[in-house]
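Quick one: the structure is below, questions incoming.
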Amino acid sequence: MSDLYEVAVTINGKKYQRSVDPRLLLSDFLRHEINLTGTHVGCEHGVCGACTVLFDRQPVRSCLMFAVQANGHEIITVEGLGTQEKLHPLQEAFMEAHGLQCGFCTPGILMTLVPFLESNPEPDESEIRHAISGNLCRCTGYQNIVEAVKLASEKLRT
Amino acid sequence: MKPAPFDYYAPTTIEEALSLLARYGYDAKALAGGQSLIPMMNFRLAQPSVLIDLNNIPDLFFIRVAQEGGLRLGAMTRHAQVERDPLIAERVPLIFETMPKIATPQIRSRGTFGGSISHADPSAELVTVSVILDGSFRLRSQAGDRWVPAREFFIGMFTTQLEPDELLTEIAFPPLQPRSGWALLEISRRPHDFALVGVAVVVNLDEDHRCHNARIGLLSVGDGPVEAHRAAEALIGQAPTSAAIQAAAEIAAAEDIDPSSDIHASAGYRRQLVKVLTRRALSLAFERASTKPY
Amino acid sequence: MPKIIGERIKRNEDPRLLTGEALFVDDVSIPGMLHAAFLRSDYAHAYLRSIDTSAARERPGVVAVITAQDMGDEWQPGPPLVSPPPTVKGVVFHSRPQVPLVKDKVRHAGEAIALVVAESRYIAEDAVEDILVDLDPIDAVVDIEKALHPDAPLVHEDLESNLAAHLIQQRGDYAAARARADVVIKRKIVIDRGAAGAMENRGIVADWDAKSQHLTVWDTTQAPIPIRNGIATRLGLSESQVRVIAPFIGGGFGPKMMMHYPEEILIPWIAVKLGRPVKWIEDRHENFFATTQERTQVHEAEIALTKDGRVLGVSHNFLHDSGAYDPYGLTIPLNTQSHVMGAYDVPNYYSDLKVVFTNKTLTTPIRGAGRPQGIFVIERLLDIAAKELGIDPVEIRMRNFIHPDAFPYQREIIDQAFAPLILDSGNYKPVLEKAATMIGYDRFVKEEGPRLRAEGRHVGIGLVSFIETTGVGPYEGARITVEASGKIRVATGVGTQGQGHFTSFAQIVAEQLGVGVEDVHVSTGDTSEFHWGTGTFASRGAVVAGNAIHASALAVRYKILKLASKVLEAPEEELELEDGQVRVADIPNMSISLGELALLANPLRGAVEPGTEPGLEATAYFGPQYGAAAFGVHAMILEVDPETMMVEIKRYVVVEDCGTILNPMILEGQIHGGVAMGIGNAFYERLVFDENGQLLNASLADYLIPTASEVPRIEVGHEETRSPLNPLGTKGAGEAGTIPVPALFAQALENALPDLNLEILEMPLSPNRLFELVQEKERDK
Amino acid sequence: MKLVGEYTFDGPREEVWKLIRDPEVLSTALPGTQSLEQVSENEYQGEMNVRVGPVGGVFMGRLTVSDEVPPESLTMTVEGKGKPGFLNGSGHVQLIAQEDGRTLMKYDGEVQIGGRLASVGQRLIDTASKSIIGQALDTLNQASKARLSAQVTGQAVEYKPPSETEFAASVAKDMAGEVFSSSRLIWIGVAVLIIIIILAIFLISSGGS
C-alpha cells in the first residue's frame, strides 16, 4: 500500500483537503470522496467523455488524472453550473431543446461546452459537432444537443 | 479498471526529476500528460511502481523563438497551448494545422508535446511531423545533456533513444525555408480515432518553381514514423505537376512502406490510403508553396 | 379538455439530470459499503482445473473471495428468462441458462470465475490479480456456420451438437409459389455482432438490513419487478422482504433487460452473507464481455416474384448465434422471422431457424432485436429483384405493401410473444410518399443524381420501409393518487432509461385530470412504489404502461367528478377539470381544488360511504390483445469517396407512423438516437472475434460508437394511424430508428457506386470492408 | 496471427546456429528471470518478471525446442501466461547457407494471443511483432558480426555492444511498449527465441570484452 498524499483542491469554489492514495483517479475522488456524483464515469480510458470536468478552466477527462495531481488546482464540475431552481443558460437550453435523454453523458457534455462557448460564442453546426466529438452519447443521436448548443449560444450572447 | 498501486513523486525542478529517474530507472515512469499512460494503467497493462509527475516543473512549460528563427518548446507544453499559440501558427504552420487533429479537446487540454514524442506511437501525428520538420529533442540526465535529431530518435514502436535515466526536456524546430508548403491529411474512422493512415508533407520549391526538397512522413504504416524517401526523391527537380505528384504517390504506396493489418484496415487498404493521401497532401502542399510567403 | 397529449412538453426529469443531482446506481453510497470485482476468464473455452484464492484472501482489505465451490448448493444455473414457444410443432429447444460462476468449464471469454469483495474497488482488483487459476483451453466454437459441423467442439457437452433450437414456421406453400414464379433470387446474407454500448455500464448495490430482515437492491435494470421476484426466490426471502430500485439508468437498449445476470444474483447473495452493503460497478472492459450482445445471423434467403414485381413468396434458412447460453429463448430470431416479410403482403413464407451455441458472450435483444436482420433480408432481396426486373426500388415496394383494407392482417406465424402475429393497423403508402417527397426522390433520380454523376461525384440515394412489432403484453399497471397538496403521484412498474416517461406519462395524466404536467410526479422502477409488471423493452413502455396509466387516470377522474359533483352540488356533466381545479362550467366561482377534494375524500372523522374507497386514487392495468405494428420509411442521400471508401451522409429522412404521438419532441429524440445506433450497426460497430473466441476490440477506442461527426441531421416526418388495440391508439417507437438503417445504407451505397455493380449482402460494413468488396469485384472481372 | 519472414545474417550458418542454440545462453539470458529450469533436454520452464518501462507483470512460460536438425532448422513452441493474458505460439526457424557465405533465416510461426492484451491492443499487435522481430534480428546480426570479427582479429571488437541493462532496456522497452498496448509479444514464438538469443549474445559479448 502506498503512502497517502495530502490534496488541497478548490472544487466549485469550495476548498477541500483530503488524504489520498496516489492511484486514486480524479473521477473517483470527485464522485466518492467529495460526493459530487454528477460527474459520470463511462469508460475509464479516455474515450467517452462522460467524466469531463474543468481543471483550471480547461476541459479534461477526470478518469485520466490522479486526484493527487489536483493539489493546488481548481476544478469545476457540473454541480458548479446551475441549480435545479436556477439552471445555467446552457442547462436551460438543453432542457428546451431536448438535448438529453438518459442524461448520463450530459454532465460531461456540458463541461465540454462551457469553455467551448466561452472561446467560440457563435459556433456553426460543424464547429459544434467537432467540439463534442470527444463525447459519446448513445441516446440522442446528437441532433438535439447541437440544437441546444445553438440555443445556448443565443442565450449567452443576450 | 483501476490502476495498480505505485509510489508517487512530484518534483518541482528538472534536476529533482533527473535525480529520481537516476534512482529508480526502469521501475519509474515519467508522467507527462498521462493521456496514453493512464488508460494503460487503468487497464492494468502498465503497472509502473514509481510515477514521477512532471506537471509541477515550471521549466518544462514554454514556447519561445529560437535564435536561428525556429522555435523551442518545453516538453510539457500542453497540446491546447500549442494549438492556440500564434508563434506556432506563424513559425511552424504544419504543427498548427496538426494540433486540432490530435485526439479530442479534453485530451489536448492535458496531453503534452513531449509526452507524445516520448511515447513514440507510430500513429501519433507529432511523431511523424517532428521528423519531417527536422525537429530535434533535448535529452537530459544527471550524467549528460544531448540533442538528438527526430529522424534518429525514434527506433520502433514505443521505442526511442531515451535511456531510463533520461528525460526529454525540450523540442526544437528550425525555421521553414522560403517557398515551402505543407499539409497533413488523415483518414480516421471517427475524428478522434487514431488515423488509419496519415500523411504529413513539407515541400520546398526552388526559384524556378521546381521541387527543391520534399519530405513525406507517414503515420500508422510502420513501427514508427515512416518517411517515404523514394517518393520524395522522385519529386526533386520536378515541376509539381499532377503527373509528378501522382507518380510520387504511387511510389510511396508501392515502395516506401510495409504496412500491417489490424481490425480497422488491412495492409492493402492502407497502401491505397497512402497513395490517395500522399497525392492529395502533396497537391495541397505544392499549392501552398507557390502561394504562401514561406 | 385542454390537449396535452401530442404536445412538445419539456421534460420533468431534466433539471435533476442537468445539475448532476439525479441518482444513478453508482451514486449510491452506504456507510460500511464493500466493493466487488470479478476474476474473468481470458479463454473462450477451457476446463477449469483448479483455482487458488489464498493470496487474494490474505491481501489486506479483502473481505471475501468466492468461487463456484464456495457457493456449495447455492450454486445454481439460471433461471431462464423466457421459455421456448410451446405452440409450434416440432420445435426443438435446449435450455442452458447462464451460471453464476464457472464451475467446471468456461464457455466464453470474460465469464466470471471468482468474486472478490474488498474495502475498495482498487483493492478488489488487486486481489483479482492475486488469484491463480488453472484453465485448460480447448478449441472454441466461434463461426456459427461451423458450429453444427459434426467435428465441432461442444459448448455444452451433454448435448449432441451445438444446436440450441430448431424451429420451422411457414405460411402457404412456398415451394409451389416458387414453381410458378417468373424470377427467383437467392442470396446468402450475413450480419455480425454488435454491442448495446449504453454509456452507463451495469451496476448493483445490495444492502441487507439484518434487524428488519429487509434487502434493498439498486440495479441498472430495465425490469425491476422480475428482478425483485427472482432475487427473493433465489435467496429464500419473501417478495415483500426485497425492494429493487432501478433509479435513473444511463441507457438500456436491451441488455439491461436480461435477467438474471450472474451479478444480479451474486451481489445480493454476498451482501446478505456478509451482512454488509456491497457495490459492484461493471467497468467498460467488463461490459464488452459480461453484458449481452446481439445480431449475428447467417441467412440463405430466397424471394420468388412475378415479372411485374409482385412477391409470391419468401423463404430463408437461417442460423442465429445464441452465444454460450440461451436464457432469453428465441425472442430475437422470432422477431427476425416476424420481420422477414417486412411491410409486404407475402402470401407464402418458409422460415427454418437453427439457433447455435458458440463460445461467445450470450445474446439477448438489443434495440431492434432481430428486426434489423429481418428487414435487411427482405429489403435487400427486394432491391436485387428490382434491379433484375428493371423496376424502381420505390415502385417495387409500393406494389407489395399490405393494403390498408387488409388490416388486421394475419401473418399466420407466431411472434416473440408466442402468439399469432397480427399486424393491427397501418396505411403504408402515404408514409412512403411523404418520405419520397421529403428527400426529393424523383428529383434526385431524374436530375440531381445524373448531374452529380456527370461531375464525377459518387452520391447515392436509398429508401427502405420497415415494420416494427411493438408493445407486447402481458400487461403493465399503474396507481394514480391525488395528494392533499393537489399534486398527482403516479407509480408504475416499468423502469426508465431516458425515454422521458416522467414527462410522457405525466402528459397522459395531466390531460385527464386537468393539472400541469409539472405537477404530476411519476415514479418508475421502484418495487416499493408499484410491484406488478414486467419491464421496459420491446418498444412497449408508451403502449402498455402508457395505457395502464391512461386507464388509471380515467378511474381517478371518475372519482374526482363523483365527489366534486356532491360537494359542488352540480351534475357531473357540468364539471370541468382545469388548472388543478374542478369547476362548474360557466360559473367561475363554483370550484374546488383537487387538493381540497383529496382531503375530503380521506376524512379524519365521519364515515366513508359503503361501497366507496377512501382517497382519490386508482390502480388499473392494461394488457393488449396483441402487439401493435408500427411502420416507417427511411431515406438517405450519401456520398462515397471511391478512393478511400469513406462515406458522408448528406441527408437523412425518417417518416414514422407509430400511432398516437404522446410527445413529438420525445418521439423525435427516440428516432434520432435509434438512427444513430443504426448507423453504428451499418458502418461502424462490429465486435471482432478471432478464431479462438477472443474479442479483439473490447474498448471504446476500437469499438466505434458514432460521434456527432458521423451522425447527420435527421429530418423526421409523422403520420398517425392509431392502433385499435388500445385507447390511446399508441404504438411503440423505441426501436424504429435503428431497424432499417443497415438495409438503407446498403441500398444507398450501391446507388452511389453504380459502375461497380456492388451487391452488399453483409453488415456491418466499414471503409476497409468496402474496399475489399470492390477489390473482390475487380478480381472477379 | 501468422508470423512469416526472413532475414539475412552476415555470417556462416554454423555460427548463427551456435548463437541461437545454446542452453547456457538461454538460461542466463532472460531479463528479470526469477526462475528458469530446464525440464528436459529441450524444454525450459520459467517465471519472468517483465518490469521494464511502464509495464510490469509476472509471466510463467514454457518453451520447447523440437524437430532440431543442426544447423538447419528447429521448431519451437512457447506457452506463456501472465496477468494481462496468455500466449501460445509455435514457430519454425530455418537457416539456409548462402553462396556468399551469409545465412538466410526463414521463420514461419503461428501465434494465439488472448486476454486483456488481445482485447484492447489489436491496433498494435501486427506492427509490434514485425517491429520486435526486425529489431531483434538486426541487433543479433550486429552482434554476430562483432563476434566474428573478434574471432578473426582476436581484438576487442569495434562494435560496442550495449551493457546488459542497456540492452535489456532497448529490447525490453520495445516489448514493454507492446505489452502495454498490444500483447505479450515477448512470448511470441520466434520473436521470443530471437530476443532471448540476442540477450544471451550481449551478455556473452559484454562479459567477454
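Before moving on, here are some points about what is shown:
Which chain is which? They are A, B, C and D, in the order written, and residues in each are numbered from 1.
One rule holds for everything that comes next: a contact is a pair of C-beta atoms (placed from the backbone, for glycine too) under 8 Å apart; a residue touches a chain by one contact, two chains touch by 3 or more.
Remember, predicted model here, so these are calculated numbers, not experimental data.
Counted by C-beta pairs in contact, the busier of C-D and A-B is A-B. Taking each chain's centre as the average of its CA atoms, chain C and chain D sit 50 Å apart.
Averaging C-alpha coordinates per chain places the centre of chain A 29 Å away from that of chain B. Distance between chain centres (mean CA atoms), chain B to chain C: 44 Å.
Here the CA centre of chain A is 47 Å from the CA centre of chain D. In chain A, the residues that touch at least two other chains are 1, 21, 23, 44-45, 47, 130, 133-134. Each of the following residues of chain B touches two or more other chains: 1-5, 41, 43-44, 190-192, 194, 263-264. Contacts with at least two other chains are made by residues 122, 129, 283-285, 688, 696-697, 699, 701-702, 707, 709 of chain C.
All chain pairs that count as touching, in label order, are A-B, A-C, B-C, B-D, C-D. Residues of chain A that touch chain B in their complex: 1-3, 5, 21-23, 25, 28, 44-47, 49, 52, 55, 58-61, 63-66, 68-69, 71, 112, 116, 130-131, 133-134. Interface residues of chain C facing chain D in the complex, by the touch rule stated above, are 42-44, 109, 129, 137, 285, 288, 688, 690, 692, 694-699, 701-702.
Chain B contributes residues 4, 25-27, 29, 37, 40-41, 43-49, 120-123, 155-159, 163-164, 194, 222-224, 258, 260-264 to its touches with chain D in the complex. Those residues of chain B lying in contact with chain C across their complex are 1-5, 43-44, 187, 189-194, 196, 263-266, 268-269, 272-273, 276-277. Against chain C, in their complex, chain D makes its touches with residues 83, 85-86, 88, 112-116, 118-120, 122-123.
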